[in-house]
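What follows is a pair of complexes built around chain A, which joins chain B in one and chain C in the other.
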Partner chain A sequence: MALITTRKVLAVAGVAALSLTTAACGSSSDGGGGSESTGPDTTDYSDWCGMKSELQGKSVSIYTSIVTPEDASHKASYKEFEDCTGVKINYEGDKDFEKNLPQRAQSGNLPDIAFIPQPGLLQTMVDTGLAIPASETVGKEVDEYFGEDWRKYGSVDDELYAAPLGANVKSYVWYSPKMFKDKGYEVPTTWDDLMSLTEKIAADDPGAKPWCAGFGSGTATGWPGTDWLEDVLLRTAGPDVYDQWVDHSIPFNDPKVSEALGKVAAILKDPKYTNGGFGDPSTIATTQFQDGGQPILKNKCYMHRQASFYASNWPEGTKVAEDGDVWAFYLPSVDESSKPVLGGGEFVATFRDAPEVKAFAAFLASPDWANAKAKATKGGGWVSANKGLEVKNLVSPIDQQSAEILQDPKAVFRFDGSDMMPSAVGAGTFWTQMTNWVKGQDDKTTLDNIEQSWPQN
Partner chain B sequence: MFVTSAVVTAAGDTVSRIGTMFLGLAVFGAVFIGILLLASLFKGRVGEKVQAAAFVGPTIFFIAIALIYPAILTIRRAFYSGKFFDLNFGTPRTRGKFVGFDNFQALWTTPGLPEVFRNTAFWVVLVPFFATGLGLLYAILIDRARGEAAAKALIFLPMAISMVGATLIWKFVYFYNGSPDATQVGLLNAIITKLGMQPIDFIGNPPGNTFALIAIMVWIQAGFAMTVLSAAIKAIPDEIIEAAKLDGVKGLQMFRYVTLPSIRSSVIVVLTTIAIATLKAFDIVQASSGGKFGDSILANEFYNRSFVTQQPGLGAAIAIVIFLLVSPIIVFNVIQLRKDA
Partner chain C sequence: MSTATPPPVSTEMAEDETHVEAKTPHGSGGSGRRFGRSATGNAARAVTNPWASAVAIIMALAWTTPTVGLLVTSFRNQQDIQETGWWQALSTGFTLDNYSQVLGGAEGQPPLTDFIVNSFVIAIPAVFLPLLLASLASYAFAWIDFPFRNALFVGVFALQIVPLQIALLPLVTMYQQIGINGTYWALWLSHSAFALPLAVFLLHNFMKEIPASLLEAARVDGAGHVRIFFQVLLPLITPALASFGIFQFLWVWNDLLVAITMLGGNAGEGSLAPLTMVLNNISGTLGNRWYLMSAAAFISIAFPVAVFLSLQRYFVRGLLAGGTKG
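On to the complex of A and B.
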């Protein structure tokens, strides 16, 4: 078995190395109009397991940003499909996926399937004219198991292209249940409670600070700052304004956004409140996001707002549970009447019109895959918005809580806005300006600069 | 053996692809030899011209398709909008439209880009000056000293490290921990705190971080300057030095009136080579923080705009600016070389 896996890895490596050479001399595609809109493929792919006679011996290549070690559970979760259909899945992970995928499209070297973590990038890939609309089977799965919000994020111009894959919940505040219990603090349920708790901690404990944060993330430095602003805007202005802000039907520097940024500043830029364990607020810019919450374990900091995937950054042996060393509570809304959730996820875009590719896409959109992936992820750290996912199949408590939040009918889910904005903003000025902001630049200049950089065409 | 068998079984078509590649190379070689053989058939005056064309022609041909044609495409691209480099690529909605000088205007109006020009100016002025200066000083100091070879090797070693590697090393040297009671593990900050001063965030704050990064480039390039200049100093004929000594020239005067004029052409080559390398240097900024802390330079921004933020028009405009800045240096270099010849 081990031998076979090694062979597979070598095979993938060999193919990857070769694809590098072919990328250099790959013929430029004629780039014509691409797919004519003829409506979705109505073939039924839901019974992929019964298509062995048709699919046997075929292969599907997938290209993703998910690299070692997270890729192992992905590969394992395809086993059911591979065994059932005889299709071979060739997996290729690349840390520079976001940059390389559009280049691969332009050099005529696209994979069959790409897991795209940003709706903005999905839009770009649809703009290449080479993405293939989702089959009717995938559409049905999305309607049944994901709901309207997620369908919208996988669509371009109201046409569904990609079904959601994994998901994450960003509206979390990490804390130490033990520290809270020792001091008699309650988990806040409204924004006002959160602020009064912040004030109380700052007054109670001179040796620590209520909040800690880190915006550093290599060339993506600044993204945790964008999440902060989005999360707060979603609460103070509501999901409708949030949508308008993301699609730029209101300007980036709208007064409502200034108000939200002011609320973020009241926490992050107050030297009394941040940056626990690191120094003054300006250290947030250079603190790596992976390190951002660690002072909680050293009693230097009480709260750290970060996504569910932060669970994997705690040192080995840390118990992540409601009664453990660290746990996360839902970032409270203004009051308890609404429950907005900020999150992210990947989408399965297809680029080759073939039954094996469509059958595999249908499999990935089904609860069968979601549950297989949950079981394959032995260490935890993965969740999906698929309503067919059984929460008990998830290993870690935090994943279970995330799945419950994602499946909660009261929760209003919104996708990470910076992932949907044009990349000049979402992967450019929004990151850099939030970094400048936390280093001392004022709110107005920050928002004005981002607004000014919004592409005109 | 296991590896080879795995690769062979891996993909049948990869084998054929490798085969095609070698076949292509073989055909390529055969065509060239054929052309040269044909050219050798001509004799006399005409023959010489034909042979010259046979040797120079392929070079010109490949420069044309690999350098001049892309350059023209890039210049054209700078005047269009759109998400993709190839203007004919994509759906009609996103195809680039002619926008005149908008992309060049964006160089000045986009927040963050004016600082990029300022930083680049610092780089282009300071790196060649300090690298050449330090290299020259070192070359003179160790000239004919004991252990010269070892001393030279020490300074030359950084040249052998890749820029990314050098940057990673220096990141540890500059490392800063903002926590007031933390132990500073970065070399420089450890020294500073031991001396009782406050630690400094070297690569986090503009404009100081630009100078911290420039120091890395100087560290790398000084060895190159030292090697070339040391060779030039050794090439000065002993007679000239002796004659100068007989005339009573000493110390600084010797350097000013004898050494420097003798190695002038080498100094210019070194200065201009380092200046061009600096304008194209992208690795150091990319590997330190990607230019996220107000320390970006043109070459890094060219990459960033072309590939990360999907603004190939703006990227092309930056590429043209870099080209325009490099050109005068190259022209100057060529003129100087002609003078000396």
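On to the complex of A and C.
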């Protein structure tokens, strides 16, 4: 008791001393902002370039998970806005963004704008009451240039909070066009084709295996496995069931999910088919995801399912193109009538109610920015679902292909499910159980364990 | 007035003391407690025990092998690292590319030297500030009689138990209110605050050990508290100051959590970020530049290792003297 009192006295004395000595430093601008206005702001911000008189000299801080070297092209793409309005953009990248953003909301230290890479985190931020609904201008841009799926992922309770920014496509299979050509293989367009090609490769080439994979990723080990299951479920059960599965209105171990996992197992857990260049299927658990597809270059493996961003993992000098060393084809659907796309992306959430912030958010939602960003990304590795993005502005062939897939009217986009599930599952048991699964645990135990770990509420 | 410091203890003697200290708790084979040369002999015999040596060597190997592997890896290019283990490095060759990319600032990254300077700017005041405050406080706790002294000392000591993670958010909120969040002040003050309980405790034990007669003599000669503190005590507790200084420097240098909370994640041009923040971000958004991490880590390690090596004799002496007071 005496101890606690002492500590309290000390703490109070400390606070008093601190505020006395540093009160002269002045207080920083309020980063939190308020959301007094109930409805969306109806001011037209699309003509941000004509608002110089109003915006000159202001600054906007943005906080993102995008760090060097990928941030350079982001900063470069804001130049047009900065020149035109006189607003200064302060960019801050942090790899621990997902952890630090909620913490900054708590301590009243929020940026003006955050690029949120997970719809689940957007929901959390909206729940704090500090996020500001998107202005009408942003709403119009989103309606005009993004699909309905994207609008939904940027909304909470049907109210749009955040316009989509970048995107990535996960439904890719990397392969070597040269190896395919030498053997006379065709890029498969249906799931059955894919399976018969797999069988054919296994029979044709005893020195290699049709598939290679790696689930290793430090504390996030297992996430490539979750992508596999999501991608296949999206194909076998369709987007509606996928949505129900993600929001847990059907159990995690629903028969449709077991069916999808069975299809994944038919590839990943068959020693005839995996793990090219590394050994038997259990090596998938210990292979780093960055290394997972590399055996393709050594002719030890034919196919590697991984997202578009895997392009940056090929060693320097590897030509990533349809006629190059490596290329990626769209992971085929069950048949050609539907085209589900699994992917991810960032969303622009705003936390300060000010014209310069809203004007900048409107700029980011517009095709002007998407095209500026495409031109600024000299090394490739960026794409947006913005339909106003001109594919020819993208530098790398794989980005162009991703943009075409995203803009395809037949495409049904679904966000990476593990990013939307409660983190106990999506960033916990889903990863660990998929890792155990590939090491040999059976399908049923795996799905049951994940279902059991779903938080009760 | 006696301001003379005792003759410095040679490193050799300090090491002999180490063995004695290590040996005595176990007794020495039934021959009773010994002193002087024979204790040295016992100690020598104890460390030449073949089993003990074998265990020591195995532990040393187990401990250093991964580090050596990392060091070798830092000199290999991406493809070699991916394809072969570091023990096969001799057959694949070495490169300084990783180091030059890290130091020179690969692709849009400002050069690393900026951040090394930042780290020093953070670490040096964050070491000296708590040292100054703690030595003053411990002097008071040790030699000035004031009401509730023991209760207060126990209170300060107990604060060691509070993990700093608990204090982080309230601190940021406070800094935010007084407008110093995102500046070096936030880091200096936080690191000092987190360091003080241990520093006060450690230095207090040291100060207490100094014979009261020495202080009395100084007082008789007319010295006040200020003079006694600066001219009698400070020279005597240099080993303790140095050993705590090393501790604190290592901690602040390697800190990421406090820096990332107080400064934010910015590691771009003109940022205040320390080296650890660059290490955290250097592999890129999607981790595709992982091969730079070992080189960056070794550059970062170099500074604390240099500090440690140059001050290590104080470190061992300071720890023993402070910790084994009976």
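Throughout what follows, the second predicted complex is superposed on the first by the 420 of 457 C-alpha atoms of A that agree within 3 Å, B and C clash if a C-alpha of one lies under 4 Å from a C-alpha of the other, contacts with A are read in each partner's own complex, and residues count from 1 in each chain.
Following the convention adopted for this analysis, a residue touches a chain if its C-beta (ideal position, glycine included) is under 8 Å from a C-beta of that chain, and two chains touch if they have at least 3 such contacts.
Keep in mind that what you see is a predicted model, and the values were worked out from it rather than measured.
**Q** Figure out whether A:109 sits in contact with chain B (first) or chain C (second), or with both, or with neither.
**A** After superposition on chain A, A:109 lies in contact with chain C alone.
**Q** Between chain B and chain C, which makes contact with more of the residues in chain A?
**A** Looking at chain B versus chain C, the one contacting more residues of chain A is B.
**Q** In the overlay, answer first, second, both or neither for which of chain B and chain C A:46 touches.
**A** In the superposed model, A:46 contacts neither chain B nor chain C.
**Q** Return first, second, both or neither, reflecting whether A:384 touches chain B, chain C, both chains, or no partner chain.
**A** Neither partner.
**Q** First (chain B), second (chain C), both or neither: which does A:221 touch?
**A** first
**Q** Taking the superposition as given, does A:171 touch the first partner, chain B, the second, chain C, both, or neither?
**A** neither
**Q** Could you list which residues of chain A make contact with chain B in one structure and with chain C in the other?
**A** 6-7, 10, 14-15, 18, 22, 28, 103, 106.
**Q** Mind listing the chain B positions that touch chain A in their complex?
**A** Interface residues on chain B, with respect to chain A: 3, 6-7, 9-11, 14, 17-18, 21, 81-86, 88-94, 97, 99, 102, 109-112, 176-180, 201, 204-205, 286, 289-290, 292-294, 304, 307-311.
**Q** Please name which positions on chain C make contact with chain A in the complex.
**A** 78-79, 82-83, 106-109, 151-152, 154-155, 158-159, 169, 172-174, 176-182, 185, 189, 193, 260-261, 264-268, 280-282, 284-290
**Q** Chain C touches which residues of chain A in the complex?
**A** Checking each residue of chain A against chain C gives 2-3, 6-7, 10, 14-15, 18-19, 22-23, 25-28, 63, 65-72, 75, 91-97, 100, 103, 106-109, 217, 290-291, 294, 309, 312-313, 315-316.
**Q** Within their complex, state which residues of chain A touch chain B.
**A** Touching chain B: residues 6-7, 10-11, 14-15, 18, 21-22, 28-29, 31, 33-34, 98-99, 102-103, 105-106, 124, 126-129, 218-219, 221-222, 275, 277-280, 282-283, 285-287, 300, 422-424, 427-429, 431-433, 435-436, 439, 449-450, 452-453, 455-457 of chain A.
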